[in-house]
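Each of the next two complexes has chain A plus one more chain, namely chain B in the first and chain C in the second.
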Partner chain A sequence: MIQKLVISLKKQPIWLILLGMIVLSSVFIPGFLSFGNFSNVLVQSAVDGMLALGMTFLMINGYFDLSVGTVMGFTAALAIGLQPYGLFVAVVVALLAGAVIGAINGFFVAKAKINAFIVTLGSFIGVRGLIYIYTGEQALVGDIMEFGMFGASSFLGLPTLFVIMFVLMLIAEFVLRKTPHGRYTYSIGGNIEASENAGIPVDRTIWLNFIICGLTAAAGGVLLASRLNAATPTLGWPDKNLMTIAVVVLGGTSLAGGYGNITRTLGGLFTFGVLYNILNLLGVQSYYNTLITGIVLILVVYIDAHIRKNKVSIG
Partner chain B sequence: MQQAELMANPAEQRTTLMRRIAKATEKHGLIVAFFIVVAFFSIASENFLSPKNVMLVLRQVSILGTIAIGMTIVITVGHFDLSVGSLTSLTAVVVISMHDIVGPVPAMLIAILVGLISGAFIGYLVGYLRLNSLIITLGMLVGLQAIVLIYTGGKYTRIVAPDETWFGFIGRGFLFGVPLPVIILGVLLLIFSVILLKTVFGRQVFSVGGNPTASKFSGISDRKIIFTAFVISGFLTAIAGIIMGSRLMAAQNYLGQGYEFEVIAGVILGGVSLSGGEGNIFKAFIGILIIGILKNGFLLLGFPYYFQWVAQWVIVVGVVWLDVATKRGKVLG
Partner chain C sequence: MEETAATTARVLEASGISKTFPGVKALENVSLTLNKGEVLSLVGENGAGKSTLTKVLSGLYRTDHGVGSIKLNGELVHFQNAKEAKDHGLITIFQELSLVKGLTVAENVFLGNLPRTKFNLIDWHTLREQTRNILAEMGLDISPDELAGDLSISKQQMVEIARAFTLGAKVLIFDEPTSSLTETEKEILFKIIHTLREKGVGIIYITHKMDEVFEISDRITVLRDGKNSGDLNTSTAKLDDIISLMIGRVIDDYFHKNEAEKGKEILRVEQLSSAGLFKDINFSVRQGEVVGLYGLVGAGRTELAETIFGARPVTSGKVLIEGQDVRIKDTGDAVRLGLGFVPEDRKEKGVVLKMSCIENTSIAKLPWMSNYGFLREKEEKEIFKEYKDKLSISTPSPQQQVVKLSGGNQQKIVIAKWLCLNPRLLILDEPTRGIDVGSKAEIHKLIAKLAESGIAVIVISSEMPEIMGVSDRIMTMREGKISGEFTGDDITEQNLITAIAHVN
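Up next, the complex of A and B:
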């Protein structure tokens, strides 16, 4: 059991880094080791986690989606703006919108065979236009109080938004590990031609993963809307998409595809969450926060490449 | 005899004609798209083709166009530079704040130095340490923006006495009736096309981007080429930042935010292949020009500015799809 744990920790060094950060901060930073603070971190990572979840599917598949940030902003606006038609309608339409944008992206990548970077860069910019057209450049405020209260509520002592994200992550990990769709995703990410030859429905799997990514981005938008009970046109602009990719990469899922899982993404998510929390508690000016994020990103890629090189030389 | 045969078979004639048209669109699809966009807006708005408006569009695209030259080279060697937006902000802020301390020329040199250092840093990490350029330049996007804010303290930077300096001439001046930024862009386009097409370095750029393994075996140092490409991108972005600063005689902290995406969208529209090895600076500029025309045209027609973003989505994906489809001869792959 312990041996198994050691092996999995060795495979996923992000959890060791996270553990080290938590231990050090608990000792040196007053106010870090408290229930209130932890639940704060969890609430803040719920939305990012939703986005990273879908992105993990796509990245294992060998692609990424630059549109998740603006899709999140668009669906948050829909979830707030459509409340006059009832909360159910608002949430369903928001989720559907995300799935449709994901399906459009997926169609162009899987069927028309256009580079995913181009396709999702296009929808990233285009959906930003949709946000502004829909909101008319205005901030929207929700009038259903229960929606906002839901965003602030707790379930079994944990923030509800986090619980939702965590349950979805468990399901996602199950799908990746135990279902044909999950295995196809790994296989295509590893070697698309071999997968094609083996009779795996390549196009359908890629398409489905783009829809999953759009849907989870929409779910992130809905969660964000319920946390704020409001939406502004600039939500998710300009670099939410890239930061989501960064969370997944920090967790240790390869940008090249075929490798990674949701547990890693969760580790990357918590590490970023705890890092921001520490900087906040230390009263570091927000400008320096941003600088440190940049440095962390560069370091992560550096360490990642270093580890991979050593592995190769050991054999 | 031959003529008679041809005349006897009009169907065959038609297919050759179709094939010719298909071939022409494949080769000049971008130009066709450009003229369609221009024709559309000149019919829809009578002011569109007025000399004043044409100059306005050219001046507006000159900054993105300058950045796009560097981006084209970086993408041609097979990488991305997402840092250009933040670097534009940084160099603009540096040149404006330094102007009142050391004078215009040293301020410009310092801004260029900042661009070169940033480019060299990225070039070292990507070229020599072989790190993923997407994440590295994302780190630079975030990091440089933070440096801008730390440097200015979040304040608006401006030149105190804009009337007492010639610095504004770079961004606002005219030469023979043409805005100076457009002339600068024209000269840079020429210089870098010659570098890309006529020098050893240029050929190595295409070689490294097109087939890294083969170039390695033929003794090309891809590290050096990748490094140089990022340095060029940093240099040109600094020039863009200086022009921007000079035009506004002031700099806001988030000046260049989102430029990276606009430039990449334009460059892709210009047919620069994201898999590397294929790129043409002039075509990339036409791509940027189409993006600029969309921006200008929708405003002229009285649409809110954000309609251009949806149009960009449709046009970028549409043009690339057309390109991919004509190349393989099938709509879907």
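Up next, the complex of A and C:
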């Protein structure tokens, strides 16, 4: 059991890095080691985690989606703005909108064979336009108080939003490991031609993963809306899209596809979360936060690449 | 030996070249000489070592440690990479051309040493002028300002030759240069080769086409199984001599003739055509029968197989499976109909290198391997275990990534991937390419066993002993058409070579 744990830690160095960060911060940074602080990290990770979840599917599949942050902003606005029709309608429409945008992205990539960068860049720009049109460039405030209370609530002592994300991540990891769809995803990401040769439904799988990505981005938008009980037209602007990819990459899922899992993404998510938290506690200005985040991303991926190069012969 | 005269004219002298890959001796003590202004044909069957030798000469491969020597103009050279070979004037024109398609002809010709003005900018005027001169010198009608990507393949090839020329080529190696050329384009190429020869360039010409050997070359070097098998003067050589030097071996007894009972017809192809690839193909394969598809690279064999398997669109014609006209739209349809396809590029199309042995074995069966959406992992493991034993796949662990297995074991996994689906028809494209001799024999045995178990088998191979050893019936393809069909005693080297090549 312990041996197994050691092996998987070695395979996923992000968890070692995270552990080191937590230990060092606990010793040296006052106020770090407290339940309140951890709870804070968790609640802030919940939304990013939802986005990273869908992105992980897509990246293992060998693709990525530049529009998740924008989709999150749009669906947050829908979840707030549609509240006059009832909370249920607001949430369902928001989720559907995410799935539809994902389906459109997926159609153009999987069926029309257009480069994913171009397609999702287009929806990244276009959906931002939808947000401005829908909100009239105004901030929206929710009038269902329960929605906001839900966003601030706890479940078994943990932030509810985090629990939702975590449960979905467990399911996602299960899907990736135990279902044909999960296996197709790895296989296509690993070698699309061999997957084609084996007769597995390549286009459908890619399409489905774009839908999953859109749907989880929408779920992230709904969670964010409930945390704020409000939405502004600039939510997710400008760098949420790429930060989501950064989280997944930091976890160790390969941009080349065919490799990675949700556990890694969770590690990447926590590492960024803890890093932000540390910088906050240290009172570092937010501009420096961003700079340091960038440096850490490159550094960790560099270290990871080095470790892997020494162990496995494939890139 | 007439030492003095010959050595002064000698531009290239390679001797004692050996190259070993894991499990395969690709070249063993091979020698080759080339004189100034001489065209040397390098011939041999697939796998005889022609490409390996080319790659050694052009610096892409290094010879086995400390063995053999290469002398260029009498000077001993040790190329560490392709650039060094180029700098010494030894240039290879590969089948895959290497022009930058978005640049002009002139830029391509001088790529890497573009003329500069005194401000270190590109001197366009000189560039065009010089390119025009070179093209004129070679008798080519190509504008220096055209984009390389807009040219026909044949013209691109000529631009590449022009580039070699500006680099001061002393030795030029052509690797099957006519494989994608028309007859007229070939004539132009041959004219250029004559021009180069007159200018004193030594030329090594690799080909499968015997008529070209006689038309263009002064001398012929034959390779067989990675060794020198003979040197001939073209003027006195006879086709039969060359062929017997190329083959010169008996069909080894490790080929297991298939004794299987031939059952009902599984596959029938009627007037199948695919625009630009192959035309009006008719044939059928019965249960328990092994049909060989023999031909040169580019004859359309792989394309035909991929079309039957749904990986390429059909232009016209029909594919019938057990008498039923089936419209196979994609590979998924083919798999559901009981077809399997072992592709020639194992690493590109056959296996997912990062995935495990188990995962690669079950991959095609996944659609039938789940309960309520969950994979039956236990069954997956059992399937692998079953085929690991049946095909004697050797791997340290079922979880091993296939990237770490030998080519032979990878190939067995690709075959296992289809066998676990109980296919009706299995197509194997170059099933033993890049596989060591021992595993080759195993795969040949396996093919016979597959037929005995009632599967209809199509084997595509460029290796004559292989195709002769495994097939009940051989169809030859040439330029997208079936050019012959042979059974029983008609299956001879002579017949096959005649049917695939332009032999008059």
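Convention: the second predicted complex is superposed on the first by the 311 of 315 C-alpha atoms of A that agree within 3 Å, B and C clash if a C-alpha of one lies under 4 Å from a C-alpha of the other, contacts with A are read in each partner's own complex, and residues count from 1 in each chain.
We adopt the following convention: contacts are C-beta pairs under 8 Å (C-beta built on N, C-alpha and C of every residue); 3 or more make two chains touch, one makes a residue touch a chain.
Every value quoted in this text rests on a predicted model; they were computed, and no experiment measured them.
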On the A-aligned overlay, A:Ile114 touches which partner chain: chain B = first, chain C = second, or both, or neither?
first
Quick check for you: in the superposed arrangement, does A:Tyr302 touch first (chain B), second (chain C), both or neither?
first
Once the shared chain is lined up, is A:Ser123 touching chain B (first), chain C (second), both, or neither of them?
first
Which holds for A:Leu255: it touches chain B only (first), chain C only (second), both, or neither?
first
Please name the chain, chain B or chain C, that touches the greater number of residues in chain A.
B
Applying the touch criterion given at the start, work out whether A:Ala194 contacts chain B, chain C, both or neither, answering first, second, both or neither.
second
If you stack the two complexes on chain A, which partner ends up touching A:Pro180: first (chain B), second (chain C), both, or neither?
second
Interface residues, chain A side, partner chain C - complex:
178-180, 183-184, 186-187, 190-191, 193-201, 258-259, 312-314
Chain A residues within the chain B interface of the complex:
108, 111-115, 117-119, 121-130, 132-133, 137, 237-239, 242, 245-246, 249, 255, 285, 287-291, 293-298, 300-302, 305
Can you name the residues of chain B that touch chain A in the complex?
82, 85, 125, 129-132, 134-136, 138-147, 149-150, 154, 257-258, 261-262, 264-265, 268, 274-275, 304, 306-314, 316-317, 320-321, 324-325, 331-333
Chain C contacts chain A in the complex at 311, 330-336, 341, 343, 348-355, 359, 363-364, 366-367, 369-370, 373-375, 377, 401, 403-404, 417
